[in-house]
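Working notes, structure below.
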Amino acid sequence: MHSNIFDRYLHNNSSIHRLAPQVKVVIAILFIFSNALLPDGDWLSFAISWAVILLLNWLARLNLGYTLKRSLIVLPFTLAAITALFSVPGKTLTIWQIGSLELILTDAGLIRFLSIIVRSWLSVQIAILLVATTKFPDLIHALEHLRLPKMLVTVIAFLYRYMSVLTDEVIRLMRARQARSAVLPGRNGGGSLLWRARTAGNMVGQLFLRSYERSDRIYHAMLSRGYSGHLRTLNQHELNINDWLIIALAFLLIAFLQLFAHSIG
Amino acid sequence: MHFSPILLHIPDGFLSTIVSLISWAITIAILSVAVKRTEKLDEKQVPLMGIMAAFIFAAQMINFPVAGGTSGHLLGGVLAAILLGPWAGMLVMTAVIGVQGLLLQDGGLLVMGANILNMGLLTAAIGFGLYKVGDGRKRTLKLGLAGLGAWLSVMAGALTTSLQLWLSGTARLDIVLPAMLGVHAVIGIGETLITVSALAFIFRTRPDLLDPAEGPARGGRGWIFVGAAISLFVLILSPLASSNPDGLERVAGDLGFLAQGKDAPFSILPDYTLPFLGEGAFSTIAAGIIGALVVAILVFFIIQSLRTAKKNA
Amino acid sequence: MPPIVHKSPTTPPSLAENKTVIDINNLGFSYPDGHIALKDISLSIQTGEKIALVGPNGAGKSTLMLHLNGILKGNGDLEIGLLPLNKENLPVIRSLVGLVFQNPDDQLFSPTVFEDVAFGPLHMGLDEKEVISRVEEALALVDMSGFNDRLSHHLSTGQKKRIAIATVLSMHPQILVLDEPSAGLDPRARRGLINLLLELPMTMLVSTHDLRMAKELFPRVIIMDEGQIVADGETATLLEDEVLLEKHGLEKE
């Protein structure tokens, strides 16, 4: 994993890309929050929200097909919501009998299920929009500005720096395992489940030791450049009046949408 | 590209606003103690925790074939807590889950509090609590406890995820709970095997790193109670709720949690009812246990933070 | 831990030409497991000298380098820039000695190039303006201007090595201590690195297995084996002495 999946869009230079990262984080969370508050079956409000997302996508010059494909990541989880189809009382559409279990599909259940899926799908598109238009190091700065504890921000920064270094190490370990797990024709290869699990466990242990030793060397590198237990960073991305105006505007639009959704609902 | 370890990363939209917010509140309360505790550790802990977060992230990619095309993965909460101590382990897991959600959309943002709670905080607490029982005992007992903790941690995550989905009106308890627990009972075995063999490997090569006397990262014996409490919660509630989901539904209904038939059961907007205001009694054993546990955990954290405050003063 | 306040971060003791910048007397060190890594090391380095440190793996080269800014503490006297190495002088000494580790992935621990090059100056207590100008200057010195916002994990090994050197140049060190700078580089990147080292004016102590580079760049060579200095002298003489080289696991180039 050498590169961020969104790297190809991070170098676009749109008005969305230029927004201060903490502004984008705040608006994205507000927007996702707004989705959660929209009533079930309010398709018009869902459509308005999607239109806004599409507009932002267009402003940021993202490839819509790419965003949509990426948004399918929530698909497997819809399995968890499938029982919503049968859990809300309403007009019966059909009844399935599976063993002793009687599943009554209602119209209200269907609306609930579809609403959950749509909310989830819209929300993940907002999250995609956020990372596709903001460099992750800037997002880390944004988290610091949003008063996340310094300790946690630092751990996240290290994680971001080293996740690809260590995943590369894992890939090398797995390749080495693969190279040594030859199976003779006609034999059942791979060893027992316990043996396979132990091999994986040894790899995890190996990775831990390497990582531990690496953290020692990094600590030395930090010490030799003046670290003494107190991390300093430069305060970039201070918010100006325009940024506040944009946040206020987004807040107003979302409040307006909510008012609209709940007055017609 | 990315390998989602288990079906526990809830995306946005699947939890109601109120369940998301309550989960965030609990998560933030616990994390603020964790931050205070780890800030006092020596300066070397900072890069160590950072690299350990990357280690857990990468270790989650290591899989092993189980059967029929499925494979076992590591979640890592128990391993992180044993290697780094409970508080640092929680922060490390939080960073991992946070980056997975933010950078890879593996898990939502509004529901991230729930994801951190289910996969990071509960797992670290239960794992460290059980492991702590083995202090000063034989290595095999320690490994056994770690294995048990690993299995229970996955079950705890599956249980709380199911409960959150159900309380959000997203899933029917009588179906989602047995399904989630059933699947994760098997996934948990993978977690156990990897956690135990990784620890055994470290015991063989660098036993000094697992010395309970080493470093201030270690937690006190109070963790045993936390671990035992969460284990009991899982062990009692899982079979009870699976065999008698109606009972739990009724309790939750009485407590005002469930609002069957409404559009958005737990909307915090004023045209819907506020939760917790139901007039029901704590009539069943399940509710009793939940209540007692919440109180016990809250008391524990309050005492912990008071102690911290006193020491700092 | 409270931040260390540097009273005068930008004014280390000024060093004239041919003054002793590093003075080590009878330094010994053993690791907690009992392994003796350094035995009776005595060494003196003058301002402006360019020195190669060679010897087989495990000879103690890296251990010695870690002593030069107080990351490891052995027995014996160490003076850096006329300051005895002790806790009080440590912050100043760490800005005097620019230590670059062998693996650039350990040296570059921040998400972006800018943050990494700024780390040293920031922790010396410099103000924002000065930090930014030092980053620009250091990146220009290693010919990597414009890489500020690049992500460290996207760089090639050669680029990482250059940025790693920039992370200490931004601290304005008096002496540059490099561990295996040419290891893992392809011929072109190695040549680029040699040219870069030729251009940098400060005192240099460089451990390396690359004897051809040593001959090209460093007039003086120190040979270490089993924790001891076994030879210290002119590169032109020592690196031609086949018997000496062979005795200590080295090969004449």
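We just call them A, B and C in the order they show up, numbering each chain from 1.
Everything that follows uses one rule, which is that a residue touches a chain if its C-beta (ideal position, glycine included) is under 8 Å from a C-beta of that chain, and two chains touch if they have at least 3 such contacts.
Just so you know, these numbers come straight off a predicted model, no measurement behind them.
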{"item": "Two chains joined by the most C-beta pairs in contact, as defined above", "value": "A-B"}
{"item": "Relative to chain C, chain with the most remote C-alpha centre", "value": "B"}
{"item": "Separation of mean Cα positions, chain C and chain B [Å, integer]", "value": "45"}
{"item": "Computed distance of Cα centres, chain B from chain A, in Å", "value": "19"}
{"item": "Rounded Å distance between chain A and chain C, as computed from the means of their C-alpha atoms", "value": "41"}
{"item": "Residues within chain C bordering two or more other chains", "value": "1, 109"}
{"item": "Junction residues of chain A - those touching two or more other chains", "value": "136, 157-158, 160-162, 165, 214, 218, 222, 227-229"}
{"item": "Per-residue overlap in chain B, given as positions that touch at least 2 other chains", "value": "43, 47"}
{"item": "Sites on chain A touched by chain C in the complex", "value": "2-3, 135-137, 140, 157-158, 160-162, 164-165, 214, 217-218, 220-230, 232-235"}
{"item": "Residue ranges of chain B touching chain A (in the complex, touch as defined)", "value": "1-2, 7, 9-14, 16-17, 20, 31-32, 35, 38-39, 42-44, 46-55, 57-59, 61-67, 72, 74, 79, 83, 91-92, 94-96, 98-99, 101-106, 108-110, 165, 169-172, 175-176, 180, 190, 193-202, 205-206, 209, 260-261, 263-264, 267-269, 271"}
{"item": "Touch list for chain A against partner chain B, complex", "value": "1, 4-5, 28-29, 32-33, 35-37, 39-41, 70, 73-74, 76-77, 80-84, 86-90, 101, 108, 112, 116-124, 127-128, 131, 136, 139, 149, 151-152, 154-163, 165-167, 169-171, 173-174, 190, 193-194, 196-209, 211-212, 214-215, 218-219, 222, 227-229, 231, 258, 262, 265"}
{"item": "In the complex, chain C residues that touch chain A", "value": "1-4, 66, 69, 71, 91, 94-95, 97, 99, 101, 103, 105-112, 115, 118-120, 122-124, 128, 131-132, 149, 151-154, 167-168, 171"}
